[in-house]
Amino acid sequence: MALEQAAELCLNDQGFVWLGLFEPDEDELTDVQDKFGLHDLAVEDAQNFHLRPKIERYEEGSVLFVVLRTAGYVEDREMVDMGEVSVFLSRRFVITVRQGAASNLHGARKRLEERPDLLKEGSAAVLWAILDTIVDNYAPVIEGLEKDVEEVEQTVFSGAAAPTERIYLLRREATDFYRAVHPLLAPLEALERGAYLQLSEELSQFFRDVNDHLKLVNEEVIALRDVLATILQANMAVISNQQNEISVRQNETMKQLTVVATIFLPLTFITGFFGMNFSWLVNDINSFWIFLVYGVGSLVLSAVAIYYWFRRSGDI
Amino acid sequence: MALEQAAELCLNDQGFVWLGLFEPDEDELTDVQDKFGLHDLAVEDAQNFHLRPKIERYEEGSVLFVVLRTAGYVEDREMVDMGEVSVFLSRRFVITVRQGAASNLHGARKRLEERPDLLKEGSAAVLWAILDTIVDNYAPVIEGLEKDVEEVEQTVFSGAAAPTERIYLLRREATDFYRAVHPLLAPLEALERGAYLQLSEELSQFFRDVNDHLKLVNEEVIALRDVLATILQANMAVISNQQNEISVRQNETMKQLTVVATIFLPLTFITGFFGMNFSWLVNDINSFWIFLVYGVGSLVLSAVAIYYWFRRSGDI
Amino acid sequence: MALEQAAELCLNDQGFVWLGLFEPDEDELTDVQDKFGLHDLAVEDAQNFHLRPKIERYEEGSVLFVVLRTAGYVEDREMVDMGEVSVFLSRRFVITVRQGAASNLHGARKRLEERPDLLKEGSAAVLWAILDTIVDNYAPVIEGLEKDVEEVEQTVFSGAAAPTERIYLLRREATDFYRAVHPLLAPLEALERGAYLQLSEELSQFFRDVNDHLKLVNEEVIALRDVLATILQANMAVISNQQNEISVRQNETMKQLTVVATIFLPLTFITGFFGMNFSWLVNDINSFWIFLVYGVGSLVLSAVAIYYWFRRSGDI
Amino acid sequence: MALEQAAELCLNDQGFVWLGLFEPDEDELTDVQDKFGLHDLAVEDAQNFHLRPKIERYEEGSVLFVVLRTAGYVEDREMVDMGEVSVFLSRRFVITVRQGAASNLHGARKRLEERPDLLKEGSAAVLWAILDTIVDNYAPVIEGLEKDVEEVEQTVFSGAAAPTERIYLLRREATDFYRAVHPLLAPLEALERGAYLQLSEELSQFFRDVNDHLKLVNEEVIALRDVLATILQANMAVISNQQNEISVRQNETMKQLTVVATIFLPLTFITGFFGMNFSWLVNDINSFWIFLVYGVGSLVLSAVAIYYWFRRSGDI
Amino acid sequence: MALEQAAELCLNDQGFVWLGLFEPDEDELTDVQDKFGLHDLAVEDAQNFHLRPKIERYEEGSVLFVVLRTAGYVEDREMVDMGEVSVFLSRRFVITVRQGAASNLHGARKRLEERPDLLKEGSAAVLWAILDTIVDNYAPVIEGLEKDVEEVEQTVFSGAAAPTERIYLLRREATDFYRAVHPLLAPLEALERGAYLQLSEELSQFFRDVNDHLKLVNEEVIALRDVLATILQANMAVISNQQNEISVRQNETMKQLTVVATIFLPLTFITGFFGMNFSWLVNDINSFWIFLVYGVGSLVLSAVAIYYWFRRSGDI
């Protein structure tokens, strides 16, 4: 069986074996553990999502156990898809256990094929290739998030809608992604400095390169979170400003209503007064001059009074 | 009596004794203190809630005193229930003093039974088992809080209600829990490095594993607090947006009122005018054409005027 | 005179003198300074409120100068009352200068009487007793502030009132108190490690105990400030939500007004129309059927029209 | 010429020269530079506002170049006036270049005259005197800002006005002042530890005293900025609360209007109905009982109906 | 060809070559790489925008690779234009690769011509000249941003408009610029200390000068970001305050409407009552006194009643 052959190969003093597993079941993993003598705790972490990148030494430093979180951006759901790659690394073998969708390692294989000189340095080169692949795959995630942020900006400032929920969800995605990136910084720095593995100068430059990319990604996520916090506040300000505009319009409507009522309610009262059926009233207001003076006159007079009142209060 | 036997057993040079106390009264604890020669200050801390996890050395390092805060999530009250476990640890004895409901240590006993190899390493293995049990019990707390946060998110963005108080209380719970977790990070790191106890490489890996879980819990609480701060702001934005919607609807109502008043108040004034009982007026407006021109005409004219006024101001 | 005796006693090689001063005037302090050879700068700091806790070495480390800020909670004014205790400490003397109301040191004396074993260690034990007393007195301050915060929470979420000013003032008190506590952390840590004084293991454990309490107080103040910042935001959300409720009620009132006006203004216009005194009109509308068709009919017709209009716009 | 004499004096092996310049022009400064052999870069920094406090060593440590930012509080403009003092310090000379209004050094001279013992220690004592003077002059700035903050507090919580602009400007002043204070902390700490100059124990205590004052000022500015951030939020809450009070009052007005309209519009319609001039109607409603039943009755009936409607909807 | 000559010159043991490239295509760069033996990873970084300043050592420290981000302020678009300069530096050559518009290095050449003494120190002087030029060019960016902030302040507090979008965009620019400046601090500090290159004391003072400018720029960007965050909040407060003013005005309008309606609707009802055509009514109200008592009296009575009602409710 292939697994046994691989384990045997490891006993020879030449080269190393790279064994790749994708979401293995418990039996499969136990089998590998027995063959290669992996530590219980490391195997436990490899079996499930561990949710935290780390680098650990086992067997007095002869085996390195690395957990990396992979990320892919899913355009249509505006989500960051997380996966995990666990790596067991010794001079004789590299065992990778992948969990989740975004954990593809084709890129790592290709990188090594392009650089046979690095491959000569042994299994550490494989670790570099894996790290480089995974960290490079962080870039499109940042881009996807940035594109969404730009869309959100436009929505906010066009005033078309208040995309509060979308801003919030993007913030959550950015925070989750930050948690995949940030805890890797310190161990990768240590790795570059040779704290975990003896590295040739050449290879350590390649690890430094990965570290450099990771730092950039880290700074970009931090900037993204900052931008999203700011846009949430800007969103509030835009909403409040719209509120003011609505209120100003409402004020206009209210003013029109008030003007109409202030003009016509008094006038209508006067016409009502002279429309009362008191005989005395009806009989006494019978000449043209009385109509002109009392009827038309009182209407004109109150119209003038209303006009001056409006004028004083600044409404006209 | 059992306590004396235990104390005697400790004088022999083989193995160690694990003594478990649950909310002991003062006499009980004083008794244990006398038998095992524990330090006053440590016993004082064990007796009451100390509210802060810590690891301390007594008797020139031969006795370790550890305070741990336990946590359990109470679903129906949406609260984190806190307890405490104080551990006195020497080569010869492990004394655990438990306070509060969430401080169960069955898990620790079970862990040790499953790993007889660790138990051989002596009392330090018990400390590991206790730490591992308590830190593992933090996971359901995080899950409980995360579930609540998701419910709160849905409430906020459905617009059904503004769950400000619930968000606030969740934030408080998260902050309290953070205070149970965070101060433990540094001493546990020191413990893993062997600053307090001489650890075999095997056992130190198990302590590293606990430390790793604690770091994950710590990062998750930090993320939770960040999310809750963000959702409080999102909540504000949603409330303000609803305010705008209410105002827009109010504007509609107001406009309708204004339209009706602007049409009918002037027309009613005109009918009032021609309803006045001035004889001259009544007698002079007696032909059909006068009715048509003055009566209907003036109404139509003012209706047309109103129509154009609305049109100019953009209301129709 | 007592002061001279005390100074003389210090010259003997046995024991030490503890001299306690409360808000001494300049002459008194100069007198003490001369007798015990204290440094100008330290005496200056002791004389006034220095507003910052610190530990300093003078005379090549043979004299330690400690400034501590004391705190008491004044229930009825919801304020933290601050005082200061300055300590001059050498192998031969302890001079304490107290400033302000909350600087009582009876507790320190009592502590030492209860632990004659510590007193044997010399003047350092007095420093411990003073520190322990002062730090223990921080606990009721935290409790007082926490009780106020709980009251504020209830006020905010009951919606009875918006206690913005109270939240703000509590935040200020918490910030002031934080400034009394936080700068003491580093020097106390150094003191525990023996950087300022040679301490026996026993005594250093007691200093560690004080340090541990101080750390707890520090964490509690930080949590309090965080809670108060959050409650200020929650307060805003509750106010905005009330605004929405008020607007909804206003909308109801507005709608009722609009309905009434929309129904009766047109109907009243119609009655006005048929109330005009045009003879042609009055003479022509004389049969019962005309009344029924024109008078009642037009009213019913417009009532029906209004009804359908409301129905269409969803108001009924 | 005085300058040449001063330069000559420096060549003797006794004492040192203190040369004070106030906003010198380029020629003057070049002259001094030539005479005392100052470094180009340092002279450049002294010539203009450098905006950042710092301590630098030149000539293998034999010349110290210190830039300090001075601050004075201008009451009537509520502004912090910034100046700068650059100090060139060697064993033989002290050259101070002052820029801006708040850079007075009389206090430094007076301090040295009061302490001839320190002056014996050479030019380092002058540096102490300058630092002490400048840092002491920070205290009134803090006081001025704190007084303004208290005024702002009162304005905010009295509700008289929303002093948003004033809060904002105070925040800017506090931030600017913080930038003058904070970067000086680290070099002053190093200076106290003797990293730049060999200091006698006595003198180093005086530098420690300055450092201590600077730390206090730094903590006070940080607290001020925090308070100003909080008051900006409290200001928002107070404004929003006023908004609610305005809305409640508006609601009252609206309700009154609605009640009046709901009562009188229907009643007026009824009177209008019986005021129509249909002959049939006019002729048929001629008896007292008809008036009582139809006229008064219908009015009373609708009044009662309106009353019950209000009652049901809770308005009365 | 020039390139070959340059490469040859480098083999001699005297002086060094400075080769400047502007946005070279891949072939050009590969050519240079071959001639000068540059490392793959460094060349890759030079070819594209790397977005992160850094200093790296290659070839066991004999080649230094420096990436710097250049910045220019574009007034009319209110944007910071970013470019990049990559520098390969050995004892024998300096190769600069420029990307983007703001990456001009004329200033560096001029600086070196002015200081032939530094040029004698070799290629490190060129690195200083480049760093100094780029960091000096940061100053106008800060100035440009500060000018915009001042304009925004005026807009906000004049209340003319709510420039939320502009504040937001300025914040983004400040954040982007911060990312160009901040990561350079640590490597430049190391460079000054001689961690990357052996520097003469003279030259290291010039590097310290650059570092000092960079620190100032860094502090200024941090202050700018803080100011922009504060102004976004102040903007909110100003908007909310305007909302209150609008509401107060609306309240005035509403009150006027209510007053008019409350006065005239009841009066008009009364005139309507006496305008009804009930014969009994018409026939009975025929004397002058009846008119005066019933007609005028009831109007005056209800006017008085309304007057007292307003008075009680505080509207007049």
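Here the chain labels run A, B, C, D and E in written order, and each chain numbers its own residues starting at 1.
Here is the rule we go by: contacts are C-beta pairs under 8 Å (C-beta built on N, C-alpha and C of every residue); 3 or more make two chains touch, one makes a residue touch a chain.
Only a predicted model underlies this, so the values are computations on that prediction, with no experimental measurement involved.
Enquirer: State the smallest step count from chain B to chain C, taking one step as a move to a touching chain.
Expert: Steps on the shortest route: 1.
Enquirer: Degrees of rotation, nearest 5, to put the Cα trace of chain C on chain E?
Expert: 145
Enquirer: Chain E and chain A are one sequence twice: same or different residues at the contact, by the over-half rule?
Expert: Different-residue interface.
Enquirer: Determine the centre-to-centre distance between chain C and chain D, using the mean Cα coordinates as centres, and give it in whole Å.
Expert: 21
Enquirer: Roughly how many whole angstrom separate the Cα centroids of chain A and chain C?
Expert: Averaging C-alpha atoms per chain gives centres 34 Å apart.
Enquirer: For chain D, jot down the residues that touch at least 2 other chains.
Expert: 233, 236, 240, 243, 247, 250, 254, 257, 261, 265, 268, 272, 275-277, 281 - these are the residues of chain D that touch more than one other chain.
Enquirer: Please categorise the chain-chain contact pattern as a line, ring, star, complete graph or other.
Expert: The chain contacts form a single closed ring, each chain touching exactly two others.
Enquirer: Which chains make up the ring, in order, starting at chain D and heading to chain E first?
Expert: In ring order from chain D, with chain E immediately after, the list is D, E, A, B, C.
Enquirer: Would you mind writing out the residues of chain C in touch with chain B in their complex?
Expert: Contact set of chain C toward chain B: 153, 157, 201, 205-206, 208-209, 212, 215-216, 219, 223, 226-227, 230-231, 233-234, 236-238, 240-241, 243-244, 247-248, 250-251, 254-255, 257-258, 261-262, 265-266, 268-269, 272-273, 275-281, 313.
Enquirer: Taking the complex as given, what residues does chain E use to touch chain A?
Expert: Interface residues on chain E, with respect to chain A: 39, 41, 45, 50-52, 54, 56, 58, 60, 162, 164-165, 167-168, 171-172, 175-176, 179, 183, 229, 232-233, 235-236, 239-240, 242-243, 246-247, 249-250, 253-254, 256-257, 260-261, 263-265, 267-268, 271-272, 274-277, 281-283, 285-288, 290-291, 294-295, 299.
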